[in-house]
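What follows is one structure encoded as structure tokens, with my remarks underneath.
Residue numbering begins at 1 within each chain, and the chains themselves are lettered A, B, C and D in the order written.
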């Protein structure tokens, strides 16, 4: 139970304050690893007929968390199916966050390049202004002398 | 029927005017919850042989909406399969919107940081301009005195 | 065959020049609809033992394109599996593009709001500059009179 | 083994330095193609009872990498399931990167359009400033003459 509380609390904190992309990646990979191993082991306890050993449990957990779902092994009683539903939803979060991390890295990269172009535009704008100021000052100086 | 009309109307409004990210999250989570429970219950009415109780219906609905699809239970007649197709498409929307919400929160966070950097750049640009104005004014004042 | 050529040509054009989001949505929804109906019908011709009627074909096509894949019906011979592989890849494109459209609408909305804030910042910058120009001109005018 | 090392090293490099969108597309499509063909062939060696020929192996690999997972064919022993888990995770990366590439192309397109609008705004800002400078210079020139 304690293990799941940790996952849950992590997920809750994640939703409340948007983490850095790096942090989100670490959290979701860790959470998914814990969920796969935890659920794979737990399943052999809950439903030992369908899941006779941890290997079968892990095999089921991996194909559930990636939403592949062959169905060659699947929980048959209520508590196993509740655990299964939890793994499916965590799997959806896993895929969503992995996709989000990669997408945001692509978008950020493109923007960094565009920002550099924009900055050189801004610079040339400022240069034009500076030259106008230089000209004005020179004229004022000539007037003063 | 009324229940589905609500979902449909919500979806239609959603597509027409892009909602806030917060609103979209609320809508899709609510819609998916209604679809899972609604379809899980409805399935026991439509196809009581394959879905003898609500537990089986919910188990099928969750594995369908997350696109896991073990196939240990699946509708066999036309009306059940039509309902199934609806749940699958809603599930695709669910995954797409959850992914979109997380991605857009990452992208927005990155941009907020970049905007802050940009603003301090703009500020230093303005400071340079202001100092040039100060210099010009001082010279003009000296000329006038 | 002609039907698939249309899909292919559309996909090719799509990849070459990034379409508008509105256009992409129309193309992918149309393409997916054509693929589901087309593959569902074609499957009853290719493998009439596994797919005795169009209803079964459509049921298989929908659960394949959404990547649910119960496996209650699945092609057993080479040509059917080739068609199946095509539907799976189109389904991946379908989910990817739907997700991309929704994500980009969220990101664009957030940026439009930020741009409006930025513009009012730029405006106040320009106002400060304009006031400096006004002051300079007034002083020059006084000097000239 | 060498083949997998290439894939792994490519993936590692990909994660370390965010590639161009064009490069990422090439890498993931190539990697996925190699994984599907490689795993499909390897499966017939590892588990020849379940996978009697390469056709069956490829059919399993495609439905695994797209996360469809009918489960009509699935590995039954440990080494086959380890390979299966690898293909599932590569499939998740495949879908995530394809989605990221399309999303980022949509977002970039929208920003390019907004940038063009912004630039014309900036230009008109500069024009206003330039006209103010022109006026100041004319006045200074008149004063000097």
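As a convention for this text, contacts are C-beta pairs under 8 Å (C-beta built on N, C-alpha and C of every residue); 3 or more make two chains touch, one makes a residue touch a chain.
The structure displayed is predicted, hence computed values, not measured ones.
Chemist: At the interface of subunit A with subunit D, does the proportion of residue numbers present on both copies reach over half, so same, or stay under half, so different?
Modeler: different
Chemist: Which option, A-C, B-D or A-D, should count as the same interface as A-B once over half of the contact pairs match?
Modeler: Among A-C, B-D or A-D, the interface that shares over half of its contact pairs with A-B is A-D.
Chemist: So what's the Cα centroid distance for subunit B and subunit D, whole Å?
Modeler: Chain centroid spacing, subunit B to subunit D, equals 21 Å.
Chemist: What whole-number Å value describes the gap between the mean CA coordinates of subunit C and subunit D?
Modeler: The answer is 15 Å.
Chemist: Give me the residues of subunit D that touch two or more other chains.
Modeler: 67-71, 95, 99, 103, 107, 111, 129, 136, 140, 143
Chemist: Using the touch rule from the top, collect the residues of subunit B that touch subunit D in their complex.
Modeler: 67, 69-71, 99, 103, 107
Chemist: Considering only the defined contacts, which subunit C positions touch subunit D in the complex?
Modeler: 18, 20-21, 24, 64, 67-71, 74, 76, 78, 81, 84-85, 88-89, 91-93, 95-97, 99-101, 103-104, 107-108, 111-112, 115, 119, 122, 126, 129-130, 133, 136-137, 140-141, 143-144
Chemist: Of all residues in subunit D, which touch subunit C in the complex?
Modeler: 55, 59, 62-63, 66-72, 94-95, 98-99, 102-103, 105-107, 109-111, 114, 118, 121, 125, 128-129, 132, 135-136, 139-140, 142-143
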